[in-house]
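All chains are identified by letter, namely A, B, C, D and E, in their written order; residue positions are counted from 1 within each chain.
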Amino acid sequence: MSAVDNPKQPAKEWEPNIVGFACNWCTYAGADLAGLSRMQYPPNVKLVRVPCSGRTNPQFVLRAFQKGADAVLVAGCHPGDCHYATGNYFTRRRYLLMQRMLEFMGIDPRRFQARWISGSEAPKFRDVVTQMTEEIKALGPNRKLREEI
Amino acid sequence: MNQITKEMRDLARELLASGEVKGLIGWTKGSRWYLTPPLFITRPEEAEQLYFDQFAVNNLTGLLLDYRYGDDKIALFVKGCDSRGIVRLLQDHQIKREKVLVIGVPCMGMSDKKAVTDPRQPVELPLLDKCLECRYPNPVIADRLIGGALVSGEPSEPKGLTASEAAKRGVGSKQADRFAQVKAIEAMSADEKYAFWQAQHEKCLRCYACRNICPACNCRECIFESDKKGWVNKSATPTDNAFFAVTRAMHVAGRCVECGECERVCPMDIPIMALNRKVIQDINELFGESDAGTDLDGKMPLGLFKNDDPEEFM
Amino acid sequence: MQRLKAFPKAKLTAVLEMMIQKATVWVPSMIAGVSRFAPYRPGTDIQMGTNTAISPKEALFPSTEKIYKFSAYGIDGDFEPVDPSVGPQILFGLRSCDMQGILCLDDVFLTRGYVDDFYGSKREATTLITLGCVTPGADCFCASMGVNPAEHDASDAQMYDLGDAYGIIARSVKGEALVKDLMAAGLLSDTDKSQGPTADFVLKVDSEGITEKLQQMFDHPLWDELSRKCLNCGTCAYLCPTCHCFDIAEKKRNQHCGVKIKCWDTCMFSEYALMAGGHNPRPSKKERVRQRFMHKLRYFPERYGKLQCTGCGRCIAKCPVNLEITDVIKLAGEAKSDG
Amino acid sequence: MVEQKINPVATLSDVKRINPLIPMKAKVTRIIDETADVKTFCIAKEEAGRFTAPFRTAPGQLAMLSLPGVGEAMFSATDAPEHLQLSIKKVGVLTDALHEICPGQTVGVRGPYGNGFPMDEYKGKNILFIGGGIGLAPVRSVVRYCVDHRDDFGQLHLIYGSRSPADLVFKYDLFDTWPAVRDFKVSVTVDRGDDQWKGNVGFVPAFIEQLRPDPENTVCILCGPPIMIKFTLGILDKLGFTPENVITTLEMRMKCGIGKCGRCNIGSCFVCLDGPVFSLAQLKTMPNEY
Amino acid sequence: MKRIGVFVCHCGSNIANTVHCEKVAQVAKDFPGVVLSTDYKYMCSEPGQVMIQEAIREHNLDGYVVAACSPRMHEPTFRKCAARAGMNPYMVEQVNIREQCSWVHANKEKGTEKSIDLLRMGVAKVVKNEPLYSTTIPVTKRSLVIGGGIAGIQAALDIANAGYPVTLLDREHTIGGRMAQVDKTFPTLDCSACILTPKMVEAAQHPNIELMTYAEVEAVDGFVGNFDVTIRKKARYVDFDQCTGCGACTEKCPKKVPSEFEMELGMRKAIYTPFPQAVPNKPIIDAKHCRYLLDGKCGICKKVCPTGAVDYEQKDELIVERFGAIVVATGFEQFDISAYEEYGAGKIPDVITGLHLERLMNASGPTAGKIKRPSDGKVPEKIVFVKCVGSRDEAKGRPYCSKACCMYVAKHATLLKEKMPNSKSYIFYMDVRTPGKNYEEFYARTQNEYDAQYIRGRVSKIFQVGDKLIVRGEDSLLGRPVEIEADLVVLAAGMDPRGDAKDLARTLGISYDQHGWFTEAHPKLQPVETHTAGIYLAGACQGPKDIPDSVAQASAAAVKAAGLLSKPELTSEAMTALCDEAICSGCGLCQSICPYKSIEIKSINERYHGQMRQRRVSNVNQGLCQGCGACTVACPSGAMNLKGFTNDQILAEVDALCQR
């Protein structure tokens, strides 16, 4: 979908565009480890690095859907491992609510996922990304909450 | 009814005359038999305009935000649902406890003015949904009490002078299905849900009446007010309105006191309480029953955590 | 004198079906629980009985409208106009108060040296059909504001409520064309019936000399008392047929291009008059509530020569705190000048 | 009752069917750093390789400048044959971005807006200019007009003040071009001097009292921050200036610039259309809400 | 628009293999703000960095983006490179197109496309970066050690030897803590007092250590490097400057009181020193039992005191001292065995705990070293030990293992055999844990040479018959019940956190687990630190531990504290939260979220339309904030923002990633 920059080029066959918010100390490190281990996974998930999953504001998730993301992933350390002690406990509470709210608005639950991926769980990172890409490819582009300018 | 109005006027006259308070917020008879809007008085003789009946539905606590930096002490009347707004403002440190004199009023259940057919002829009108589902008919906090009102921090039966009438009119009779609308929407398919909300968000004018009356929406400068913050566009398109609705629901999550005023004042009749109730239902399910604004030192569910919170993200 | 042409109310959908061949027909209809003017489609729930909750100005002055496209690539960029014109439109079933409202909008958007083409092109493409109002609502007070509910002479065609039928007479070239079409379709027949008298108003107020009276009342304590209960929300402004304020804002499609939009705004919001340096000529509720009613009843009349309130009563119906313009007029009438 | 006089300059001859809100594509040809937080932008339209002024502006008129992707705002314009000059102080989101652009940047500009100063009414009179801080920008458009039509006017006298010597704008005009003009007295003061500053130190109102300008057959043109205007008006009144002869420009939030969006109203006037130039007499009849 | 440089790295072939680096650099040319976009084989190499620095000077760049490996690896490198070129180090962003793109996506076309998206995100962020500066905080070169047990003493000595003044504070009126009560220590059977007392004296005489006994911490304000600690010095009623410690008063004092130090097996006077080697070795008056203080009679101690040191008018004294670091070494309490009714604990006088046995064995103890039954003073023949009392027991809420009991029971069995050759010890155990050095060998010796009989099984009931104690249990190895007639039963009571540990944790602002043990920053990597900068943990207060571990942890905590004090000043994290006071409404929603308690609500005065008014606003302590950003989400009005990861920046990144 995100054809090479100038939109004039014909869009190729549709590829899901998934925005991921990854906490710098665990998930981002897990993704790096997946890279070091040369694991292969589809290129559809692009990570925004945040200091802690607790920094991810539900409004960023809404913004991603509004700007045309097909799915959003919020990933951070396992509760208890947070570099900042309690960051991901609040993430858990907020996104337990946000996940239900998005479903309540009619967004397919598979389009929003929150997962705990630690710095050493590179295989888990690859599986989450691969699984999410396949699911969204099956679901097709997301029209809901999307801004038409 | 006039018994409560009489007590209201006497107390107001005495408070203003003695100078204990510089201003007092109550209700007054409006221009129609089915309207009893808010009134702000500063002189004892103005107390005669005070009035209370089953149309004095406005939650007056939102108006306190205009006096949050003043030094004068302000008194205001609160029904059960309104009083939770006082606890909300106190917990959010937006009003100083010693600057507010809270007067509890017994509530007989408020009537739904949208059901008026004949503007001239007063007739018995059905109760508002929020009163049928009311669990806190008695004030949760009060410095003074009139009309036999009693303070109760727990869900309770209506007390005070209007208790019998409130029970007769069915206040709190539908407490059980307070989440009925939420369950109804949840039962829909994903596309039906989206269509339902898309139709609602197409109507939204972004007039911000819901935000301005809400005691939980007490920011000095709202992110939706100035567009230089870059959060959301000023345009009132369905996606922007959806962004506004969901963001506001998340901002008041765990803090909404279920006074139902947002839904009542919405000129386009958007079921805003469905969003708030959905959040409250989820919070109760996930983190344990908690009623915002009923206990002064109660904690806000999103302001804390437990190690054994439900885990769905493994 | 030519006899009145009419068509039975039962045939209303037929008339509309004919009209939508040539133009988008905005009719008062119930959409998702709220009565508003919306383009007619077969099956629309038509609401001819009472006036709509929100004014028809949406058809001419939409709540959000693109005004031009812009692009920025490094240090160069471009501006691309957007074609403001719309297809032919018919505003069907306007009551006199809304027609008067449109006249107020005309004064603002079409006169005084500049034409707002977005409004202008839509206005030209629209045929206004007013409907005589015989059953005023609980909050209507158009008669008190010098508007004749029975008919309005500025519309392209006037319909009369004849009980079981609607009479129609053309008033302009556009109106003539429309009536000719209806005649050609054989929908009209002559009738001798005439529109009954308009029922009595619940709400009456004497708005005589209100503009002059308000000219001495800028610092009157009335404003302070009235504004205390106001929520400063935008309900009254966004329902009102004559409120014309708009904001110009940006919507970015991506880092390079986006769209400039014109969207409704209201002087009731606190950041409306806030300047970049932080100075705000109307910092508190008192000034903002005063500005609303002064503009409706004094500033607009001083500038355009007619009251900017047409008595449609929509703000009265939906104001959460029952702050009524009729009360302002009554209190201003009784008040001594400048307190 | 403010009599609605529409200044001919503002009315377009024919009501052309153009979209008045879309800006004209133009380029910033030159940027002059006046002070740390004020820059003067020279804006020109590029046609066939030639840079010309996008449109001519009468003294005191305004122009809407927009930076694509950031925003737009109204600024007082100074006319110049081959370009339009806008002097902009850094106060908000747009002005911050403007202060970071470099010559060659494409911008949008539209106008001219506002009634401007009725220069022909001042023919033959002495003119006293009083400016405070960035308020000198609108005054400068009038000064340049008077300098270009020097013989039409009597004595010219400019009193200008700013916070510090570093904050003086248009230094090249203040100390070079204008003092050289016939019968043009330039008096400059600063609130706080520094060791190089030789000139007067003190607030503008006190400086005026010290200079005691003669009100006889003199029109006073005044622009500056609200506090300075408040005190200056008092002194001008004491010196004998009549309200009709004291003219100023008002600053209000403006969005459309063509008297439609309702943003800049003071009473029944729209500052962008019926202003920004008002005489003190006019201001007295208008509601005190600006 | 800021002037931005883009540098795409080939990383040799690591990136270039699966990403068209030239194409990426080419496309980046017209991202908003980019004035220069190139690529190079090794950006992190010396020539690569020189190339960046020249570009900065040549194009006077405001900031730059490097598309290369993971920022977790080379962000510091590129920040230093920018700083060397005179650019603020925080005007740099690094985009990961290696680990998260070239290495994981074989398809070069898609890899290039993703690199362009990631680079667009990086540029969108850097355009909104602002120069950031880390602030410096002064450090008070002084440390406080709370708790004068072996851990506290060791920490204090190590810090003092590192050259920093230390205040060693203890609630009791002598230092020494729990170890002072112990007779011998395992596995070396050293006399506990012999190895402890020299350290106590060394601490007392060390020029850098100020002893502050019989004092408690009331309140702790301030933050790392600047803790203002309010200390309550309890009234001793004895002027320590005058007192010579002659002991005349203790002798003459008529009031006898059961001695807590002797586990109430012996008595002490109302004016007393708990044990002979106490440091400071001067008596204090126990206000709860002194006849004069209670009802005004007696006063003998004042009369007999040769130097007039007794002063009944003394009052508690509150002092505030400033410290740079705090080491918490408050130790543990022994589990209250009365919770085990089934063992008759607390009712049968001869069912005692390990510490009681320590006092009985101790030469300066109540029985001068002779083992006598508390009930009738007889010398016991058969002694039964019961292990895991108050440990590894879910029912009693003590699921954890107390670590030291297995070893001290083995020690007791050995010593009893030595003291009373014809005595016999039986030990009921579930497991025997001997993890330390020479621990297993010591345990083997206990069984073989000292004839201790280990019975694997739980004791179900203990009851008294005549003067014998019937211990009924089962021997799970033989699979049959067992009943022993014992003269004395010793319960190996486990370790509990101090009763008021949770209050102290709240005072200090450190966290604790559900039992009350203080929580370390990271169980494996930061065992002696807490999440509150400048506060360290040592000894059993962090969890059950024996003496060797406590001492090791004490020295670790001391090095951490000394390391902190050695810095001239502390540089704080630059990317911290910042509150915009114009927008903040002082609701305090952010305060409860901050894990580092670095947000306080202050009130400011401001002029608003002519009058002055007071307003509450939030204020982030730049020294304490670690930049996690949780507060920015809790703040509904967006007043709280996180420098380096502001709301605008993340929104710009999301927009860039969703560019259509």
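Everything that follows uses one rule, which is that contacts are C-beta pairs under 8 Å (C-beta built on N, C-alpha and C of every residue); 3 or more make two chains touch, one makes a residue touch a chain.
Just so we're clear, the structure is a prediction, and the values are computed from it rather than from any experiment.
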Most remote chain, CA-based centroid, reference being chain A: D
Chain whose mean Cα position lies farthest from chain B: D
Between A-C and C-E, the pair joined by more C-beta contacts: C-E
Between chain B and chain D, centroid-to-centroid distance (C-alpha), Å: 50
Cα-centroid distance, chain B relative to chain E, in whole angstrom: 46
Centroid spacing, where centroids are CA-atom means, of chain A and chain E in whole angstrom: 36
For chain C, residues contacting two or more additional chains: 72, 247, 250-253, 255, 258, 265, 274
Contacts with 2+ other chains: residues of chain D: 69, 92, 101
In chain B, residues with contacts to at least two other chains: 231, 237, 302
In the complex, chain A residues that touch chain B: 58-59, 62-63, 66, 78-80, 86, 89-90, 92-101, 103-108, 114-116, 144-148
Residue numbers on chain B that touch chain C, as the complex places them: 30-32, 35, 37-40, 58, 62-63, 66, 116, 119-120, 199-200, 202-203, 205-209, 211-213, 225-227, 233-237, 261, 264-265, 267-269
Of chain B, residues touching chain A in the complex: 182, 185-186, 188, 190-197, 231, 237, 239-240, 242-243, 246-247, 249-250, 253, 275, 278-279, 282-283, 286-287, 301-302, 305, 307, 309-314
Contact footprint of chain A on chain C as seen in their complex: 251, 253, 258-259
For the chain E and chain A complex, residues of the former touching the latter: 27, 30, 70-73, 96, 98-101, 103-107, 110-111, 113-114, 116-118, 120-121, 511, 521, 531, 575, 593, 595-596, 626-630, 632-634, 642, 645, 647, 650-651, 653-655, 657-660
